[in-house]
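Take a look at the structures below.
In what follows, chain A forms one complex with chain B and a second complex with chain C.
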Partner chain A sequence: MNNALAIASVVVKELYRRKDFYVLFVLTALITLLMGSLNFFNDDKIVRYLKEICLLLIWISALTIAVGTTARQIPAERENRTIFPLLAKPISRGQLVAGKFLGCWLACGLVLIVFYLFFGVISASREHQWAAASYFQALWLHWWMLAVVVAMALLGSVVFAAPSSNATICLVVILGILLMGRHLNQVALQLAEPMNTVVYAIYFALPHLELFDVRDLVVHNWDPINWLVCGGATLYAAAYAVFFLFATWLVFRRQPLA
Partner chain B sequence: MKPILKIQDLVVEYRTHEFGQKVKLAVNRLSLEVFPGEIFGFLGPNGAGKTTTMNVLLGFVPASRGAAYIFNVNVREPIARQRIGYLPELTYYYKFLTAEELLRFYARIFRIPAAEADRRIDEVLKLVELDAVRKRPIKTYSKGMQQRVGLAQALINNPDLLILDEPTSGLDPIGRMKVRQIIQRLKSQGKTVFFSSHELGEVETVCDRVAILHQGELRAMGRVSDLEEKYKCNLEQAFLKVVGYEPGL
Partner chain C sequence: MPAPSLLFGLLCSVCFTLATWLQPWHQSWAGSRAQSGSLLNVVMGDSRQLLANHFLVKADVYFHSGYYPSIFDQVTRGAPHMATAKDDHDGKEDHDHEANEESGFLQPPRDWIDRFSRHFYPSRHTHLEKPGEAREILPWLRIAADLDPHNVGTYSVAAYWLRQHLNKVDEAEQFLREGWRANPDSYEILFELGRVFDENRNDPERARNVWELGLRKWHEQSARHARQDNFVLEQTLTQLARLEEREGNLPKAVSYLEELKTVSPLPDTIQLQINELKQKAAPPSAVKGPKSP
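Coming up: the complex of A and B.
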C-alpha cells in the first residue's frame, strides 16, 4: 500500500502542476457565469437550466480529465523511460497499477470537489437553499462512476500503444454506455436470435454508468435517494473497478518493458 | 567469498515480427559472477546483449532460460531490488517534480524513514553537486544535471550494488570526469558497481574486472591487466580482437 500511495501522490502532483484542470475549470466557470448573468423571459425557474448546463459541463470536464490523465500514465512512463528507474526499485507491477489507479481516482475526486463547490456556490446564490444530502450523493456517485472510468482507461493504456487512441476509444465507449446503456435490453427484444442473446449479454456485462447519473436530484432539488441504494451502487462500481484493475494487472505483469 | 550478483546459463529470446524470423537470440548461455567491492565492466558492441542482460537483472524482461540472482535472491522477486541502485542509459525523470521531491518519492518506495530520507537526500545531492538547485523542477536541468539526478536516485537507498547502464553516455568531458569520480568514491566506500560502457579508457581506469559480450555470448572475462597481457595490447585493442573486428575492413 505504501508503494501504491507513493505513486498516487506523484500522479496527484502531476495533475495540479499541469494546465488541463485549470483550463477546464475556467471554461466551465466562464460559461456558467455567462449563462447565469442572462435572464430569459423573466422566468424564475431559469436557475434549473443554469444548474443543468453547469452539471453537464462538470460531467464533460470530469470525464475528459479522468480519461485524459489515466490514458497517458503508463504510456508516458514508458515513453519517457521513467518506468525503468521506478521498476528497478522494490515495487511490483501490481503496485504500480494500483498506484496509478489510486492517483488518478483521487485526483478526479479533488477535481470534483472543486467543481461541485463552485456549482454549489452558484446555485445557492440563486436559489438561497442547498440540499446538502443530494449534493453529496451526486458527487459521491459521480466519483465512483469515475473509478470505473479510470480503471477502464488504465486497462486501455496497457492494451493500446498510443494514449490518444486509448482516450478516444474510452470516451466513445463511455458515451455509448451513458447514452445507450439503459436501452440495450429494449433493442435486444426487437432482434432475432442469435443477435438477441448477444445484445442481452452485452447489456448484462457492461458497467451501467448511467446509474450513477443523479444530476436530476440537484437540478430539481429532489430528496436524496435511499442510502442503501447509494451503497449498492458504490459496491457495483467497486466490483467493476476491481475487475478492470485485475485485467490490467494480468496484461501488464508479463509485458516486456524493453 | 559469495557472489553478490550471479548469472547462470542465461538465455533471452525475443519474438520478432520480421517475416521468416520468429525468434531472435539476444543473450546466449551467459554465466558470470560479481563479487562484493568489485567494479565490474560489462562491455560489448551495440546489440551485444548488455542492456538486455541488465533488463533481466532488473526484472524488466523475463529470462527465456537460466536464472539470475542478486544477493542470492532470484531477480524475479521485487525484493531482490531492495539493496540495488540503477541508473538507466538515457535518464528522464518526472519533469514536474524537483530533484528533492523525486528523491523523496523514491526514498518512500524504499521505506526509508523520513528523517533518514532527509539526511540521505542532503548527502546524495551534495555528492552529485545538485544541492543548490534541489528546489528547481527537473525540466529546467541540463542533460548533465539530469544524468546526475539519475545517479542521485540510484544512490538514495545507500545500495550495496549499483547497476549503471552507460553512465557517461552523452555527457561532456567534465560531466564524464564527475561521474567517474563518483564511481571511484563509491568503490572506496566498498560498494559493488556493475556497469556497461563504450568508453574503454574509462573502463580501464576504474574497473577491476571486465566481461566482453558479442552477439549475446560471453567472449572474454577477467582482470583488465590479465586481458591486456593475454592479447599483448591495451584494453581497446583487446576488445577489438575479442569481437573479431579487423581494422581496414
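Coming up: the complex of A and C.
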C-alpha cells in the first residue's frame, strides 16, 4: 500500500507542475465571469444560466484533465525508461497500476474541489444561498464518475499504442455514454432481433456514467438526492473502477515492457 | 522549366485579374452577407435559426426546472408548451396530464437502471412558480431573439413573463418594440404591445391604436395568404370589444363582437354578449317598451 501511495504522490505532484489545470481553470473562470457580466433585461438575479455554463465547463475541464493525465502515465514511464528502475524496486505491477490510479484519481479530486469552490462562490454571490448538500453530492458523484474514467483510461493506456489514440477513444466512449447511455434501452425497443438483444446487453454492460451527472438538479435547485441512493451510486462506480483496474492488471502483468 | 520568379509573377497576374472580376460580382451578388450590419449574421447566416430554436427549447426546459423530454421521449410524447402555458388555461389540461409521472413523457421504469437513474435528474413535472423565478428563462429568450429576430413568438412570450410575473413593464415594452422593428407586419407583437398599454400603462387610447393597427395587419396578411391565424384575431377583437365597452363606445364594441362571432368557436356566447351590450346601448324607454294607453 505504501508503494502505491508513494507512486500516487508523485502523480499528484506532476499535476501541479504541469500547466493543464491552471489553463483550464483560468479559462473556466474567465468564460463564467464574462457570461456573468451580461445584462438580461436589467435583472441581476438571473443565475441558472450561469450555473449551467459554469458546470458544463467544469465537466469538460475535469474530463480533459482526467483522461489526459491518466492516458500518458504508463506510456511516459515506458518512453523515458523510468519504468525499469521503478519495477526493479520491490514494486509489483499491480502496485504500479494501483498507484497510478490513486494518483490520477486524487489529483482529479483536488481539481474538483477548486472548481466546485469557484462554482459555489459564483452561485452564492448571485443566489445569496449556499446549497451545501447539493454541491457536495454533485462533487462527490462527479469524483466517483472520474474514478471509472481514470480506470478506463488506465486500461486504454496498456491496450492502445499511443496516449493520443487512447485519450481520443476514451473521450469518444465517455461522451457516447454520457449522451446516449440513458436512452439505449429505448433505442433497443425500436430494433428487431437480434439487434434488440445486442443493444440491451450493451445497455446493461456499460458503466452508466450519466448517473453521476446531477447538473440539472443543482442548476434548478432541486432537493439533494437521498443519501442512500448516493451511496448506491458510489458502490456502482467503485465496482466498475475495480473491474477496469483488474482488467488493466491482467493485461499489464504479462506485457513486455521494452 | 521557366524561372520561378516568372511563374510567381504569372500567378500574381492571374490572381489580380480574377480579383478585379470577382470583386464587383460579389458586391452585387444577392446572397452576399457582407452588407449585413450584424456580426452574427455574417458569421452564421441562416444557421442562426437552428440555434435560436435550440435556445427557445432551452427556455422551455428552464420553465419546467429541467424536467423535459429528450428527443427519444418526444417521439412518444409531443413538443414543448411554454408558449401555450402563458395563455391562461390552454395548457392546463396537458399539464395536469403530465403531472402524473406514469402518464407523462416518462413511461414506467423499464429496468432497474432506468428506475435508479431517475433519482439523478429532474423526473417530476414542475413549473417556475415561485415569485420571480420566471426570470431564469429570460436569458435564453433574449439569445433566441438575437439569433432569429423574425420569430415573433419569442418576443410575445418574453414580454408576457416580463410584465405579468416580473413587473418589468419598461423592459417588456422595449423588447416588443425591438421585435416590432424587426417584424413591422407582426400583428402578434402589436397585440402584446396593446396589452402592455392597456393592462400595465392604463393608456386605452394607445392600446386601441395599436390593436386597431394589428387588426389591419391581420386583414392585410389574411388577404395575401390563404392560412389565417384566427387565435390572435379572436384575442385582439375580444380585447378591443372590452376596451370599447369600458370606454362607453358600445356600438363599436358590438361591431367588434359581431366580427368576433364569425371566427369564434363559441358564437352563441358571443351573441349573448352582443344582446347584453345592445340592451345597455338602447335608451331606457326602448328597453321598457311603449307604455300602454
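One rule holds for everything that comes next: the second predicted complex is superposed on the first by the 255 of 258 C-alpha atoms of A that agree within 3 Å, B and C clash if a C-alpha of one lies under 4 Å from a C-alpha of the other, contacts with A are read in each partner's own complex, and residues count from 1 in each chain.
As a convention for this text, a residue touches a chain if its C-beta (ideal position, glycine included) is under 8 Å from a C-beta of that chain, and two chains touch if they have at least 3 such contacts.
Just so we're clear, the structure is a prediction, and the values are computed from it rather than from any experiment.
In the superposed model, A:K19 lies in contact with neither chain B nor chain C.
When both complexes are overlaid on chain A, the residue A:S9 reaches chain B alone and has no touch with chain C. Shared-chain residue A:H128: touches no atom of chain B or chain C. In the superposed model, A:R182 lies in contact with chain C only, and not with chain B. Between chain B and chain C, the partner in contact with more residues of chain A is C. Legend: residue contacts after superposition of the two complexes on their common chain; A:I225 is shown touching chain C, with no touch to chain B. Shared-chain residue A:I91: touches chain B; no touch with chain C.
Residue overlap on chain A between the chain B contacts of one complex and the chain C contacts of the other is empty. Listed in rising order, the residues of chain C touching chain A in the complex are 62, 65-66, 70, 72-73, 110-111, 113-114, 116-117, 119-122, 132, 135-136, 138-140, 142, 162, 166, 168, 171, 175.
Residues of chain A touching chain C in their complex: 38, 40-43, 45-49, 141, 182-183, 185-187, 189, 203-204, 208, 210-214, 216-217, 219-222, 225-226, 229, 232-233. Note for the complex: chain A touches chain B at residues 2-3, 6, 9-10, 13-14, 17-18, 80-82, 84-92, 254, 256-258. Taken in their complex, chain B has these residues touching chain A: 51-52, 55, 58-62, 78-82, 84, 86-88, 90-94, 96-97, 101, 105-106, 108-111, 150, 153-154, 163.
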